[in-house]
Every structure is written in structure tokens, then in C-alpha cells.
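Chain naming follows the written order as A, B, C and D, and within any one chain the residues start at number 1.
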């Protein structure tokens, strides 16, 4: 008696690859056809890092990409602490216990909209799946368009920010045709010298037109994007992070402050089940 | 300010080998020259099986053998539960955290004594080191002996018992020149059909002369050996097992009942520091 | 196989002894996407209060060695919304629903019990007098045997449903509390709620949890929970739902042998969403392998072996 | 580096805040074969009684998730033998020796304190009113604030040595006990002793420990211990030795930030015999990296940040 459409899978999946494209970061690929089949951009996995009770809890990792035809699921993760360190020790051919797909996922843009995707650091990970889906849609539609329309619409601006440059060129290399990448680093080592929001702001000031923004990254970045988008009337979505227990909406630990009905206060929603994706303008950033 | 002679080492040592000579058993070899240099037969190591706090405690494993010249230390262990299972996953080249050498070790026989060594199941593991040392001593002395004396003395009887035969032939193959192996299995699949104590008893009844017995194995076997040896006035030693915390005599968890001064009751001694080797006749087996 | 797994918890008939720990299984629908809820002996839902509660500020959880701290703060939509929105979903299952209740005052508890008595589809009430994560009520009632008894007397009067009292381990004598609430009309006991704990983030030099202190649960607390069940089983003749760190059948059997008639899986659901079902299957296997025909034979057996 | 690590625990001058938890470090000589004892701020030796004690039947320990249960039962050679045989070894070190004492009666405690007062080479007394592993005395005294105070008043009169009181977490309010013993003349507090727990061997269907119940220690209990230190620091103005699951400097810093002036390493010694030294080195590193000149700056800082 489990509703097939709502089904969440919890199983051990075989690791196809777990390499280190950038120091301190790993790209892990699983053979997980059931999850790959139903996954949407913005959704995540809840991963068990050890067979031991220490560390006890699963770790949430976004779905970085999928290759549905081959049943492959990718995660791109930063080695942040004990759980992610344990993941680095897993080898090709071993299995890991994964729960997913979880969360609501992004709402895709309407046809013809100009889209900016903004990733801060490892927050870029889930945006690749989003970019892949948007571009696939554009390329599919592209067949019906004139050349002119094509140039204008077959494009998407992907803003990547980081503290320093090591991560960025590697992320860039993963991308597909038609994606314009703009990079920003806090130390200026690669691309624009400053925050990725600063860079986006500059482009908007220079008359770049954007209909929709998607962002994932550190909280201050998301807040800046939220403000900027509200100010300019741009719609879009943010993907939030919170500490998670269950990952499925049962434990109520991953509470996020969401503006209440009247907008003068907040109510708690849950990153794992109501999110992790929330609309721009919806998140309560306090006063 | 650590007394060099009393020094116990606690360090990570490199694994040189961790193979499965018999199903469910592993032979692990470490490069641990400091420990190998000072170790005595009957001593043991306290091994950390995981970096996690679950499982938390170290596991006591006997020193199975040493190759002092190469700085090698061997452990022969049965996969009994979680800790030992985790050890099986360690690969050549990895390091494990070992504390040792611990415990008192066996007292070697006097020159010319006829020795029986009795191992029950995995309890045979530490006896190989003992046999190696006794035989080395015999061979050294052997150079000065006449041929006749040689035949009589260059021998040692190693009794190996087990529930069934799978472990025994493999143990046998590890042995050196001059060791006479006698095998017994509860199911009769290899060697004598019955307990190893039954076999020893038979040999003693048949006039085999033994001056000294060393034994390690399950508690009922040790108790039988103790009784048999006391009855026949044979000296010797038993190596006991107890659950251990610290392994160094600090926590008092590994208490063994040892006859008290008057012999009508017991006092507790500690397997890790007063033992694990105790004299025959010393252990209190209750009434 | 002819094995009887059915148990009776103070009038609640469970087809097997495996249930869920309140607050770790939501209102059931969440885990219903992963396992078949009909396999459970009963479901104990998230703690419910008279009025909706927002809960505590974040972070609400922290991982600790073999355990976790939580300070959810009883976030819940309130009992009316629960009855209207969550309960109907559970009526589709063949599953006794036990509702965990919490209040600021004795009257709150009694009102809740009365409301749930009339709601329909509720098999029993679990009275949480042991929540460490709320300012008023909660643990305050649970740590004093007299106040605990006072709550239970009032709940008892307000409902004819079976009343299970959830006990706190944060007391000098859990037996003293158990004895008092037994005298006040409890039909069953459940134990343990979380241990009061905290963690400090040494980088920020502040408590990790938004609420400062929280409740410790998970495998780390299991020895404390087994001990509590052992002690209370000796002193009080009420059925016990044992919980605290159960992850597998072996863990559950420890509780049963210590004296628990049923067991609840809590934190382990987060780690392994299939834990309840695996606990059940493992108990069945243990009984088959050991020739045990009725789970009742195992209850408290460690006191007799 | 110009960093001050020295602390004062009720008159006991320690060159650094790292000491050992009683019963986990023997009388020092055992770990003196692995580490240099002179690195320690102080040593707290195994619990001592008036007469020798055999301790409890085996098994005396059981491993649990991130912890262990012990029921050693205060095995020790008695105070006279301790003074004659174990103390001289420690006099060779530059190290305050704190002697942990336990008794069946208030008089036992007072006598022990008197004997140790005259022994020479003893820097302070830690009064164990919280041992869960003995029939009489022990936890009995520690769980009732009045009895605890009674013990301490008598010990106070029998000795001019600094008196540290070791508190039990197995109480409804550790603060209530702390306040009472502070009033009775304690110079410092140490916390926590073990949590009362047990485990059952499902194969034999019997409790694992020979003594049935035992004390839970190790990383599993750390959140409970940090919480106890936090609560007592707010209520009582005595220096605290914090312990319970400390394995590394980060753990120790949690206790210090919660309000402990010193820390003791217990169960972790079994897992990593170098734990004390590593905790010390890690604290030094943390202070250097964070520009902290005196460890006193960190004590209780989590209450102020």
C-alpha cells in the first residue's frame, strides 16, 4: 500500500565513480535507475555515510545531474566534515545506502523566458541538473525557431561565484552548449572580482534582461539575490539548506522561516519536504 | 619520563598482509618493529577496529608470531563479531592503531623438558609464537647434542582441537620442523574423534611423558587441562580470555578468579596485566 | 508459522509489537511513501497540543556520538487540525492510531483527551509528561511523581480511551513516577523519552541548538532505556512500550526481554526508514529460530532466566 | 607562546586543565608506560575505600553504541595499601594527586578523608557519592541532596585538603545536589559520574553484566554531561571538573565553554591511551589559533557569547 507516484526509494546503490575533479570535492556517480527516472532538478538525496551509528544521521546531497537512459545519478559534494569524508573513502563497485528523490524541486521556466542561474560555491551542484533540463527544453523548442529567435532564446546565463578560483573552471567545463558562464571570485583570482551577486547586479544595470532567477548557495548570497530580485520584480526560486534529520518531513527539524500570510512575520516550513526550493519573496529574512 | 623497558607502544602500524587462509579467519601481518622486538609469546595486542566511536573499544588479539629481523608481527583472528569484521576490510598498505605488547606472556620451559602445547580452536593462535620460540631454543641447543639426545629432545607435541576440521590442516601447515602435530575434532572430520583433552589424556595414558603443558582455548577446555595436569602433577600454564577495557591494568574489568592464599576461595586478578597467562593450579574454577 | 505476535497494550490491540516513537514518524504519511504502514502494530503520531505551535528556533537538531539532540519544541498544527487533516489519512489503514498529547496545564491535557475521545479513529492516548523541549508543562509534570499523577487522574476522567503515560528518564527514580501514574489510572507506560542534553559549537562558542538544551535520543541512550524498562517491569504491573535507541530486532528483543510488551522505533527511522519493518521481520525470525510460539513468552524473560 | 593554561581547582594548583577520570586511569603507573604523566594537570586515581574490595563478578563491562557499561564495583586494595604501595610511585612526578573516595556510611567517608589528610602527597579528595555499582552508599548518597550534604559536611570536618564532590547525573535536578554540597563546604565539583544503564544478551536472555546494572560512560553520554556542567555553572560558584565522553580537544573545549575549569578524560583512555596528552595539545593549539592568552577566558564563555 504505497502510492507508486509518491514512492521514495531507500536502497543500496552501486557506485560507478567517485572521483576528485577539484581538490576537496568529489563527483560521485551511482547506478540508481529508479531514482534517476523520477528525479526533478532541485531535489536531493539523503545519504548514509557509514554502517556505524557514529556518525548516525544521513547527509543531504543534491542531485547534481542524471543520465536517465543509463540510470545514472550524480552527486557533486564538498568534503565538509566527517560524513562527507567517509564518502570519499567509498570505491567504485561498493554500494551506498541512499534515500530519494526528496524535496520539491525547481519549477521550470515558461517557454521564452530569459533565465539566470546563480550558484555560490558548492551551491552550484544542483543547478547543473536544472540547467541541463532547461537547455534540453530550449534545444527541443529550438528546432522550431528562426535563427534570430534562436540566438536570443537558446541561451541561459549561469553565474558562478566562489571565494577563490579553484572550483570554478572545473565547474565550467561540465557545461553544455548554449550556456553562457559568468564567473566571480571574492579574491579576483578568476573572473569578476567580487561577489557573484555583485556581478549579476552589474549585468542587470547594464541592461541585461532577465525574467527568472534560480539560485543556490550560502545564506547571505541567497538573501542578496532575494532582495535584488524583489527590487527588480524578477520572479524565481532559491534553494535553501538546513540541518536535516529524516529528510522526508517527519521530524520537523529542518525548519525554515517563511513569510506568513500577512507578511509581517514568519511561519516555519520544512526544507526537506516543503522545500528545499522556495519562491523568491517567500523567505523571511527577519528585520 | 617513561621507563624504556616497560614501554608499551601505541601507534598506527602499516598492514603488510590481511589474508583469509581459512574461511572466517584472517592472518594479518603488520610492520611493527618496536613491538616485534620486545614481544614475548603469550602477549597480546589491543587493536582499534574503527576510527568511529562505534564500536568504541579495542579488541584484544594475541601475537600469533613475529619475524623480528623484518620487524613483522602476525595476528591470526577469527571473525567473531563487529570489531573483527571491520578488521577484515582493512587492506594491505592501510594502517591500524595497535597498543602493545601487553600481558605477561608464557614462561619458557627449562632445557630438556618434554612439552605439550594444547590449542582449542582459534586459541591456538598465540601458541605458534610459543612453539616457534621453544623450537628455536631446542634447535640452538641441538647443535651440542648427540643424535640420540636430539631425537628425544628436538620434539614438541602440539595438540590442536576444533569443533570441525576446516581450521586444522591450515594451522598445521604453518608449523616448523620438529613439531609433532596431533589433531582432534568434535565431529571426527579430521584426526581423533573427540576433544583435544581426550586425545592428550589418551596419549598420557599410553605412557607419553610430558613435563610441561601450555594451553589456550575455550574455558571448558582449559578447565579440563587444569584438572588433568594437577592430577598428574604436570606443571604448565593456561592463557585466559576476559572482556577487556583498557588492556593495561587500569580499568579492572578483565577480572579472573585466582585461588586465594589459603586455596579455599578466590581473589580477582586481571587478565590483561597479571595474565593472560596463569599457572596451572592457580585458576579458581569454583566448586 | 503459527507464531503469535499480537499484543495488547492496555486495551489497544496490536497485531505485532512494533510501533513508532512519537515525533519521529510525523503523522504517518511521510513514511507511508517508503514502507507499507499496514505492517506496523500501531502508529504513535507526533505530539499534539490544543493550539497550533510554531516550535523552537533552528538549529533544532545536532548529531552526537551514536545519537542526536532535538529541540523541535512540539511544533504541530493543533489538535483540531490534526483531527481534520491528518487523521483521515490514517483511517485508510488497518492500524491503531495512538495520539501523543502535551499541554501547559493539567486542564490542557484533560481537554485534549476529551477532544480525542470524541474524534473517532483514535485507539489510544499517549500522555507526554516528559518533553524536555518546552518551557511550561512537559518535563515539569514528568519529573514530580505527584504532578504526574495529577495529570493522569484528569486525563483518565476525560476519556475512556486507553491511556499510556510516557515517562522521562531525567528523574532520580523512574519507578516512583511509574508507580504513581499507575495508581492514577494509567493503562500502560511508554519509556523512555529523551535525556536532557546539549552541545556547544566551539567555533561560535555558543550552544548548537537554537533552544540551548535538547533531548538526546538514538542508540547512545539505549542502555539507559533498557535499564528503565527493567526497573519499572519489576515494580509495576502495566504493559510497557519500550523505546530508546532501537535500530534492529536484537535491540528490540533487549527491551522485550527486559519487560516491554511492545517496542517503538524512533530516531532509527531517520537513519533507516525501513527500520520498523526490519525490526518486525527480525523478531519473527528470532522466534522461529528459537521455537517461540508467542511473543508473550519473551516479555520480561531476562528476569526469569 | 605566553599562553596560560594553569588552573586552580578549589585550592589544587594544576599546570593545565587536563586530568583523568577516577577508575579509568588506575593509580597512574599503567598509563605511565605509554605517556609521560608529568604532562597532566593532575591525576585522579581509582576509587578507594577503607577496606580492600574484591569488586563485582564478571563480565564487568559491555560495549554499547559509542559507550560502555561498567560494573567494576569499586575493586581496590583499600586506603592503607594505596598509601603504602601506589602513592610512592606518584610522588616521583610533579603532579597533584587527587584521591577518589567511596564509603558505605558517612563515617567511612570522614575516616577516609582523615587518613588521606595525614598521608602526605595527596593534593585533594574527590568524594564519590555517585557510584552506581555498589549496593550501599554510592549513588544513594548522591541522589538525595540532604544526604549528599551530610557526607560533605563530615568530610569537610575531617580534612583540610581541598574537597571535590563528584556528582551523579541520575537525578531529577543535579543543580539541587550541587547547591546543597556547595553549602556543606565543597571546594569544587566534578561531573558527571556514569549514567545508570544495562544491556541484555539476547542469546542467553540474561543481563550482560554480572552485576545486572552498570554505569554508562563514553562519548554517548557527552551531551548529558555538557548539559550538567552548563546548568551547574549557572547556579553554583565553584570550580567544576567536567567529564563524560571527552575524547579530544574539541570535546574538552565544549565542557570548558559550558563552564568547566578543568576536564577529565575517562573512557577515552581505553580507546586512545594518548587521549589526555592529545586533549592538552589540542587545547593549546586552539588557544594559539584563536589568540586566547589565558584558559580562564574560555571558562563558561558559551554563557556570554
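The working rule: contacts are C-beta pairs under 8 Å (C-beta built on N, C-alpha and C of every residue); 3 or more make two chains touch, one makes a residue touch a chain.
All values reported here derive from a predicted model rather than from experimental measurement.
Following the contact convention of this document, A, B is the list of chains adjacent to both chain C and chain D. Note on connectivity: the fewest chain-to-chain touch steps from chain A to chain D number 1.
When the interfaces B-D and B-C are ranked by C-beta pairs in contact, the top one is B-D.
Chain A and chain C have Cα centroids lying 37 Å from one another. Averaged Cα coordinates give chain B a centre that lies 49 Å from the centre of chain C. Between the CA-based centres of chain A and chain B the separation comes to 57 Å, rounded to the whole angstrom. Of all residues in chain D, those that touch two or more other chains are 64-67, 218-220. Residue positions 53-55 of chain A each touch two or more of the other chains. The touch graph of these protein chains is complete, with an edge between every pair of chains. Partner chain C is touched in their complex by these residues of chain D: 64-67, 69, 143-144, 170-173, 195-200, 202, 204-207, 212-214, 216, 218-224, 226-227, 230, 245, 250, 253-254, 257-258, 286, 301-302, 305. Chain A meets chain C in the complex at residues 1-3, 6-10, 48, 53-58, 97, 99, 242-256, 267-268, 273. On chain A, the positions that touch chain B within their shared complex are 50, 52-55. By the touch criterion stated above, chain C contacts chain B in their complex at residues 65-66, 219. Across the interface of their complex, chain B is touched by residues 23-26, 30-38, 46, 54-55, 58-68, 70, 72, 75, 93, 218-220, 247, 267, 269-274 of chain D.
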